[in-house]
Amino acid sequence: MAWHGQTGTRRRWIVGVLIGVMALGTAWAPAAQAAEPIKIGFGMALTGALAGNGKAALMAMQMWAEDVNKKGGLLGRPVELVYYDDQTKPAAVPGIYTKLLDVDKVNFIVSGYGTNVIAPLFPIAMERNLVLMGLFGMANNEKLKYKNYFQIMPSGPNPALGWSQGFFEVAAKQQPKPQTIALVGADAEYPHNALVGAREHAKNFGFKVVYDGKYPPSTVDYTPIIRAIKATNPDLVYVASYPPDTAGIIQAAQEVGLPVKMFGGGMVGLQFAALQTKLGSKLNGVVNYEFYVPEPTVNFPGINEFLARYQAQAEKAGVDPLGHYIPPFSYAYVQILGQAVEATKSLDQKKVAEYIQANEFNTIVGKVKFAPNGEWAKSRVLMVQFQNVQGSDVAQFKKAGTRVVLYPEDWKSGTLIYPYSKAQK
Amino acid sequence: MFSLDLLLNAIVAGILIGGFYAAVSLGISVSFGLLDIVNIAHPAFVILGSYTAYAMNRFFGFDPLLTGLLFTPVFYALGVVVYRLYYLGFERKGEESLRGLVFFFGVLFIVEVALLLAYGVDYRMIEARYVGQSFHIGVVGIAFRLLLPCLVGLMVTVALHLFLSKTFYGRAIKAVSQDSQALRLMGVDPVKIKRIAFALSIATASLAGALLILIGPVEPSIGREYIGRVFAIVVLGGMGSISGTLAASVILGVVESLTATFSGPSWAPAVSFGILLVVLAVRPAGLFGR
Amino acid sequence: MAALLEVRGVTKRFGGFQALSDVSLEVREGERFGLIGPNGSGKTTLINCISGALGTDGGTLVFRGKDITRLPAHQRTRLGICRSFQIPRPFTSMTVLENLCIPLEYAAHGQVPRSAVASEAMEILRLMGLDAKAQARPADLTGIDMRKLELARAMAAKPRLLISDEAMAGLSPAEVDAILPILFALNERGITIIMIEHIMRAVMRFSQRIAVLDAGEKIAEGTPEEVVSNKRVEKAYLGE
Amino acid sequence: MKKTVPLWVVLGVVVAAFLFTRLGGNRYIYFAGYFVLQYIVLATAWNVLGGYTGYVNFGTAAFFATGAYTALVLILAFKATLPVQIVAGALTAGLLGLGIGYLTLRLRGVFFSIATLALSVVLQTVVSNWEYVGGGKGLSIIRPKAPALFASHAEYLFVVMVLLAAASVALAWWVQNSRVGRGLAAIRDNEEAAECMGVPTLRLKLFATTLSGCLMGVAGTPFPYYVTLVEPGSVFSLDYAVNSLAMPMIGGTTTWVGPVIGAVLLGTAQQVATVTISSELNLLIVGIVLVAFVMLAPQGIVGLVQRLFHRRSR
């Protein structure tokens, strides 16, 4: 019991039960079970490649369960999170969720973190017609078109396109208008998707693609790649990369000197304190996507309180101290599920799914409405530029001003310093 | 997209990275090439070196290279312990090769997971004044981040080469796998010689680890990516030949760099391993072997 | 007597090193043939070429009238050439008895019915005086028993030609006297034997004819007496 | 008479497994069972080459992936059924094994192992650059309805895996007790001596690499339908190489029982750990157990039991 089936307020529960048992004897036990908890089950990357993000997501979800239980739970019943480590391995997913459903008898399942562990969930959810809440999956539902799937990453109904929309919109507005673009990304799932979108945008916006390359994730030195890109003399460089390559590419760009007008786009890793503080002022000028930044224009009800609580716990848990990327959204995807259960007064999968499909939700990441394919009805990928970054102090990233929102217009908080080289000074 | 400027830069980048590869491979060149100890856990020790450099940098502000140097005795001691275990468990019983291989596989796992438990899976980087700086010679740009590892790698190579060829212990190490009987007759304990050599090979991992974290971010299981590369280098270089190891490192570095520049980087690993497979099949003694 | 094995102009090079140059010799059916020469003269290389462990760079090998130059080693064994190793190479995971079953099942495949393999192996062990150790592991054998096992295993291959590569090196005179009769006994059963040996006393006593190799060339051939009195042989062994 | 015994055993086991699925009950057992059974196949396959013949293969993932990707291609191209995929996967992986077998002509011992390690990387790179099968990004597939007689794919895949595991163990049993097995043991003990004793070493090694590769490939063929996502990272996972080597080492390499014991113990332990401890400790345990076993019990559990038995009988 100590190992799994952990509630957000587990400790308090145990203490409570213990006191109860001591005070009233064993007769008290059935009473404690009267309000049987509503169980939400999932696998989460607690080890393996994505464990850093997985642990942060788990922490936020536990905060949600705590919040709900403090207010008396859902439908008067406490909420319990049942989770196992999926080790970031897709092959572990079928086993974990079958156990959750058949042995632990959870009421709802939500996904773990990332596209690859969401994919194997579909057959299981579809066989039993379950509501499936997805956490940061990219275009998982494209072929399957499962109607009970809802995904929280705000990349919009067409994720591949929504992802890089801002980068291209912003670029197209600059004078003189950029003409050429280089596309480069890691040879893996996310970069591949992002580059597909970027290629299409390049065509639509009339930029000529002068370099289009993939590199293996195990690359040691990125200078040859940056040089090859530099040799094609592009105006724009769109990069879709994972954290280690993000660092390598930015470092190499600094060393080689990349005389381009805009640089960045889809680099994963720059959303986290670890890379932000290490790269420091080298980031200035880089344009990149974000889902949340602490700019005055981006102020959702409850987010600041959430982040304050999260940041207080983060240090001890050894997760990202900022929590701008995954935590609010992992809080929000269970928040939506909870709101739907409350609203329908039901644990029925069909009713809950229909409700989520039909309604707009107020969450700590703002208003969320889902499109028929389970993605956000409208993309809200922010395109930001790093400005005024100095040194490696983490506090500067907690405040407004270092990541200025350029796109979409609704949230815009500053203007692009153009070209890239100018922002570097 | 081909140009002389690109070609030159690609070659220089390859040579720089090659110097670093040499630093990582030297340890295996000694343990595998000279002692017939298949230490596939070597890259894990290199990663351990990286994390040592990281921790010392984070908490005391030490320069990674300084840490690398300061910790060589610690790694040497670690090597003595590992060799002792290996000797007691396998070599003494004459079961070294296959079970020893499995033993090191387990050691690789243990080191990796221990680091995971201590530091988590996040990538770690290091700050140093020279990271991010670069200078130009003509059209060729050279980054300090790559130049320093290359120079240190070269220095370690030269030092090891001199040690092996000029000193008594060095020559004994070279002789130990071929003729331990003769050593015994000269009153030298071959086990002691092997212990010194193996510990020395692990000691190089301290420096190599410091170089690794200078070049790029490091996470605990990144070592696996180096196993193949490093063995490719040692086999190409002709098992235990220090100069051959250096040459093979540079060749591999340049080939990788050229593929990355000209034909799409996603084929780079296949190229280096393809070379290894072909060399193994055609000329198992390596390009520079006897 | 007809030639059992003909070696015609065999040449072998290792890189730039000429290990054998144009060596020819003939071993007759039923003969006891000695092969001697100083260290590094090419004796072991020649046996390796005959047994098939090494390919040749020139020349032909004919066994029982059949060209075997290109045959892999195991097929030569099946035709009836079997060798023992200078440093015994037993199958360490098997018992002494099982060691003999391998050649009985493979080299002598078809000659021994499956049900008779174990009894046949026991028979050979008895002949060698190893029957008491049938269930022992090779690692537990003494030096001389190890040599006996090496010969016994070769015997189990049912060879027509047995090549004994220094079966007595490192043994005491008393032990040598124990091995020699075994070889004589084998020869009496009709097995042709090539003996490579450093112990002159043994070779001279055993061989009917002797060939001498020096620096990869055959420098003499004849009866023990002829070879001993040969000037070139003396020079090769004693130097100028 | 004796020859047909394993055949009946295999058949009996499969029928029993099928009847078991008819009982219904919770499906988790099938998934957990599948996981362990898959490793019985892999460990047994590895042992045919590693344990019987003495060639340590680090490239299990390459063969496993060959099976998985063959199945994927057949699904994409012809919507082939699982039995067809299994046969095809066995053939292609067997061919790859045959190729590896020719490497043994020149590469002995450690060099062979390093070559297999390299093979894995090369194959992964090739697959990552092959867009048809999803490249580095991977590909999700939709599985068809489960075949008649089975309530769901979980049951179906479970019974298929039972069949594959039983068949590979039976094969390993047969090899071990045949002339071929004794020839392989001779090669393991001393390849040159074996050749001189009339053992056709090359042919037997080719047989071992082909059979081993073929079985590993077979273990990979149900992967696409099991996970429904085929992606190089997870198909070429180091887990397969480590486990398929650790399991026989822990169980004992010289007999067919060893890998089965190892796979059941280690596989169950890992499956339990996934849903309990859920941390790096899981991996740490594998590492420590592996090192402890190679150092203290080189003959594995089978060897320990044998020794215990011997001591008692004396």
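Every chain is named by a letter (A, B, C and D) in the order it is written, and numbering of its residues begins at 1.
By our rule, contacts are C-beta pairs under 8 Å (C-beta built on N, C-alpha and C of every residue); 3 or more make two chains touch, one makes a residue touch a chain.
Since we're looking at a predicted model, the values are computed, not measured.
**Student:** Starting from the Cα centroid of subunit A, hunt down the chain whose centroid lies farthest away.
**Tutor:** The chain farthest from subunit A, judged by C-alpha centres, is C.
**Student:** Looking at chain pairs A-B and C-D, which one is connected by more C-beta pairs in contact?
**Tutor:** When C-D is set beside A-B, the one with more contacts is A-B.
**Student:** Suppose each chain is reduced to the average of its Cα coordinates; what separation in Å results between subunit B and subunit C?
**Tutor:** Taking the average C-alpha coordinate of subunit B and of subunit C, the gap between them is 46 Å.
**Student:** Roughly how far is subunit A from subunit D, going centre to centre by Cα mean, in whole Å?
**Tutor:** Result: the chain centres lie 37 Å from each other.
**Student:** Averaged over CA atoms, how far is the centre of subunit C from the centre of subunit D? Could you give it in whole Å?
**Tutor:** Each chain reduced to its C-alpha mean, subunit C and subunit D end up 42 Å apart.
**Student:** What are the residues of subunit B that contact at least two other chains?
**Tutor:** In subunit B, the residues touching two or more other chains are 116, 266, 269.
**Student:** What residues in subunit A touch two or more of the other chains?
**Tutor:** 47, 187, 214, 216
**Student:** Give me the residues of subunit D that touch two or more other chains.
**Tutor:** Touching at least two other chains: 125, 128-129, 136, 280, 283.
**Student:** Between which chains is there touch?
**Tutor:** Between chains, contact exists in these pairs: A-B, A-D, B-D, C-D.
**Student:** For the complex, give me every residue of subunit D touching subunit C.
**Tutor:** It is residues 179, 182-183, 185-186, 188-190, 192-202, 254 of subunit D that touch subunit C.
**Student:** Across the complex, what residues on subunit A touch subunit D?
**Tutor:** So the residues of subunit A touching subunit D come out as 3-4, 46-47, 84-85, 87, 89-96, 98-99, 101-103, 116, 119-120, 122-123, 127, 140, 143-144, 186-189, 192-193, 214, 216.
**Student:** Spell out the part of subunit A that touches subunit B in their complex, as residue ranges.
**Tutor:** 47-52, 55, 187, 211, 213-216, 218-221, 223-225, 227-228, 231-232, 243-244, 247-248, 251-252, 254-257, 269, 274-275, 278, 282, 318, 392
**Student:** Inside the complex, what are the residues of subunit D that reach subunit B?
**Tutor:** 54, 56, 103, 106-107, 109-111, 113-115, 117-119, 121-122, 125-126, 128-129, 136, 238, 242, 245-246, 249, 280-281, 283-284, 286-288, 290-291, 294-296, 298
**Student:** Can you list the residues on subunit B that touch subunit D in the complex?
**Tutor:** The touching residues are 32, 38, 85, 88-90, 93, 95, 97-99, 101-103, 105-110, 112-114, 116-117, 224, 227-228, 231-232, 235, 266-267, 269-270, 273-274, 276-277, 280-281, 284.
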